[in-house]
Amino acid sequence: MTGVPAALRTAVDAAKERVAALHAELPRWELVVWTAGNVSERVPNPDGEDLLVIKPSGVAYEDITAEAMVVCDLAGNLVEGDRSPSSDTAAHAYVYANMPDVGGVVHTHSTYATAWAARGEEIPCVLTMMADEFGGPVPVGPFAVIGDDSIGHGIVETLRESRSPAVLMRNHGPFTIGKDGRSAVKAAVMCEEVARTVHIARQLGQPLPIEQSHIDSLYDRYQNVYGQH
Amino acid sequence: MTGVPAALRTAVDAAKERVAALHAELPRWELVVWTAGNVSERVPNPDGEDLLVIKPSGVAYEDITAEAMVVCDLAGNLVEGDRSPSSDTAAHAYVYANMPDVGGVVHTHSTYATAWAARGEEIPCVLTMMADEFGGPVPVGPFAVIGDDSIGHGIVETLRESRSPAVLMRNHGPFTIGKDGRSAVKAAVMCEEVARTVHIARQLGQPLPIEQSHIDSLYDRYQNVYGQH
Amino acid sequence: MTGVPAALRTAVDAAKERVAALHAELPRWELVVWTAGNVSERVPNPDGEDLLVIKPSGVAYEDITAEAMVVCDLAGNLVEGDRSPSSDTAAHAYVYANMPDVGGVVHTHSTYATAWAARGEEIPCVLTMMADEFGGPVPVGPFAVIGDDSIGHGIVETLRESRSPAVLMRNHGPFTIGKDGRSAVKAAVMCEEVARTVHIARQLGQPLPIEQSHIDSLYDRYQNVYGQH
Amino acid sequence: MTGVPAALRTAVDAAKERVAALHAELPRWELVVWTAGNVSERVPNPDGEDLLVIKPSGVAYEDITAEAMVVCDLAGNLVEGDRSPSSDTAAHAYVYANMPDVGGVVHTHSTYATAWAARGEEIPCVLTMMADEFGGPVPVGPFAVIGDDSIGHGIVETLRESRSPAVLMRNHGPFTIGKDGRSAVKAAVMCEEVARTVHIARQLGQPLPIEQSHIDSLYDRYQNVYGQH
């Protein structure tokens, strides 16, 4: 381990606090069971390579503290921490390395989003709240096994062609991005909410489509005028 | 901002307390995620135009306080408050301006009610508790985009032709009304409950209909004799 | 009001404590929303007519106290209490008056049980826990409107022909009985549990039947040998 | 009762603490209602026969304490405790007697797993988290009534032919095993999670299969490299 540069100490510690606190949102909104799921944040480094802060592997949600968070570089190597980083760290790191505007990443196996992912089926944009938040369907990424860059690559390639901050990785589950950790957590919460609502709508028939022009105007207003992001 | 008239100070402050407290019912009954959903109350003004009290935009449920609530006139303009009113304020204001007996309005994206709304399908009255509370089916309102009077207009036109205090706005979600904020919250809770129960009944077949004369007598008894409203 | 006989004072007060405490089990197990649902207990009177203790009408679950409980006779008339008894009191009273072994009654609109009731379809006995607790299917009672003896009559006629302590009243919801209030609450919890599990099993196909001889031996062991009732 | 050998006193008391604490995980993850469900742990005896620690019968979850836990031998006979052991003790004991590597056993009637069990249908391995944890489908065990060795026998015969730590006993519910009580509880939580997610995926179509070679590599990495078990 090379350690955290002194100039980033304050920023890293603040990110650890935020990332630890944001993990509490995942069980609160019932997006995770046991130790599954993880939130990370980028720590920008004006004088060198950026770092990321993420949850260590296999920690129970009630045992998460700011001190327990680990720091990695954008190749996924451990820079600071007593425990191994989450086994999903390579995917988070790849996203930060390849999407410079992304400041936060979240991964869960939230039930309804994962069910769409298991069928490899995108979630159609049939709710006004979905037009607001996602600007269209939630897309599906490729099947990829853990152990190399293929999960990160699949996330980045899919999200680059979409307005959605969420991607459903096939047979796996959702990854979401945002300008910071909180935005990525919000996207994870909203992704499960629309996955569930559209699933339930589909159980008894077909949801009515929303015209593309309405989707566009809702998305534009929510993202640019309303200023919720 | 013109400010709250001195004669309404006490009434406005009491409404802020009630509206803030009623917001806690929305996550309690699992009708909302993140910052979605809002409750408002009318403040009658014997000497001029009525006001309304509503949640500001984008506030987390755990941060809601009476002081944070905002006051608007019935054209939706901000009268008092440090933050922007909920982006749904225009719809609430339109309802108060056009339905003088309404004292409270609630809007959520509660899951099952929104699923019926996504299909544009009314909830049939096949439960005695639904006859009690809604006096018939829960109707569907038109598709309307945010930004002008069309949501409020759709709510009012639909509810005027129904005994139901709830309307499912197409592809959007439920709006409910009541004589005060608490009654509108109760209608929101019951709307999701009947949306869920009838959905589940329909998953394995067709619910048995209830005769119109029984619906009428149940509704009459509950509203007039039993005195729960 | 004739008042509670002095000889029953202690027994009535103890029943009020138990009935108030048992109401907390209904929201805990998610069987009720808002003020719906009620638990009652019989107070035997060796020297005259039995009484019953029940929740008053329209009280929020967080406001339930032993003092707030009301006492009625088995014709449903108020004997003691500051508030009106639950509007379901006549049905509870009819059960006590006609089923001398019943010491507790519970009524809810729990979601899955009510969904079976809306279709007028009994829950088939396809789980070992259902054989244990119900000894066969959970039966459906007739459609009945509130206001006379017809609900109570329907409950009693249906349960007399069944080993089940639960009946699904058509388009309405479940009523359960037990030797005391706690047993009736347990039956309400288990009724919703089996209603939900068998519903979910049925969504993707047909549950495998259990032979009648196995149902009989499971029921006999659980009720008589194991001693859980 | 022969009593706990003095040499096992410390180990038995530590196991009682762990088993009591692990029971709190069952309602936390919504795997049980009322008093259903049980966790046990093996207490190895280097100088004789092993013992097991399990919950007594019919105890409410809020009343579970370390002191209330009971000790049995691997024939299911009570060795120490004031109350009767869980009526599922014979099944737990049979597993310990016939699977020497098993240190913990859990039994629940968790809703979705029990629904698959009611249809007698294995859960197909269509999620990467399922490949990680179960290494393939979750298998179905035979129908067996309580009262002899047939439940234990069915569990052991089914699990011996599978990599899965969970078996769905037909018309009954899941049993899970692990190297200790905590691992068996984790398997029970994950079993319900995959039962629910695959159920929901199947409601709207067919999940995409995962190639056997990918299942094998995910399982190998998770169990051996990642070190979460």
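Think of it as A, B, C and D in the order they're written, each chain with its own count starting at 1.
The rule is simple: a contact is a pair of C-beta atoms (placed from the backbone, for glycine too) under 8 Å apart; a residue touches a chain by one contact, two chains touch by 3 or more.
Quick caveat: nothing in here was measured; it's all calculated off a predicted structure.
Enquirer: Going chain by chain, each one touching the next, work out the least steps from chain B to chain D.
Expert: When the steps are counted carefully, the minimum from chain B to chain D is 2.
Enquirer: When chain B meets its copy chain C, do both sides use mostly the same residue numbers (more than half shared) or mostly different ones?
Expert: Answer different: the two copies use largely distinct residue numbers here.
Enquirer: Through what angle, to the nearest 5 degrees, does chain A rotate to match chain D on its C-alpha atoms?
Expert: That rotation is 90 degrees, given to the nearest 5.
Enquirer: What's the distance between the Cα centroids of chain A and chain B, rounded to whole Å?
Expert: Centre separation, chain A to chain B: 33 Å.
Enquirer: Nearest whole angstrom, what separates the Cα centre of chain A from the Cα centre of chain C?
Expert: 46
Enquirer: List, in ascending order, every residue of chain A touching at least 2 other chains.
Expert: Counting only residues that touch two or more other chains, chain A contributes 203.
Enquirer: Could you tell me which shape the graph of touching chains takes: line, ring, star, complete or other?
Expert: It is a ring, because the chains touch in a row that closes back on itself.
Enquirer: Any two chains that touch count here, so list every such pair.
Expert: A-B, A-D, B-C, C-D
Enquirer: Within the complex, which stretch of chain C touches chain D?
Expert: Residue positions touching the partner: 29, 126-129, 186, 189-190, 193, 196-198, 200-201, 203-208, 210, 214, 217-218, 221, 226, 228.
Enquirer: Could you list, by residue number, the parts of chain C that touch chain B in their complex?
Expert: Residues of chain C touching chain B: 33-34, 36, 57-58, 87, 109, 111-112, 114-116, 118-121, 143, 145-147, 170-173, 199, 202-203.
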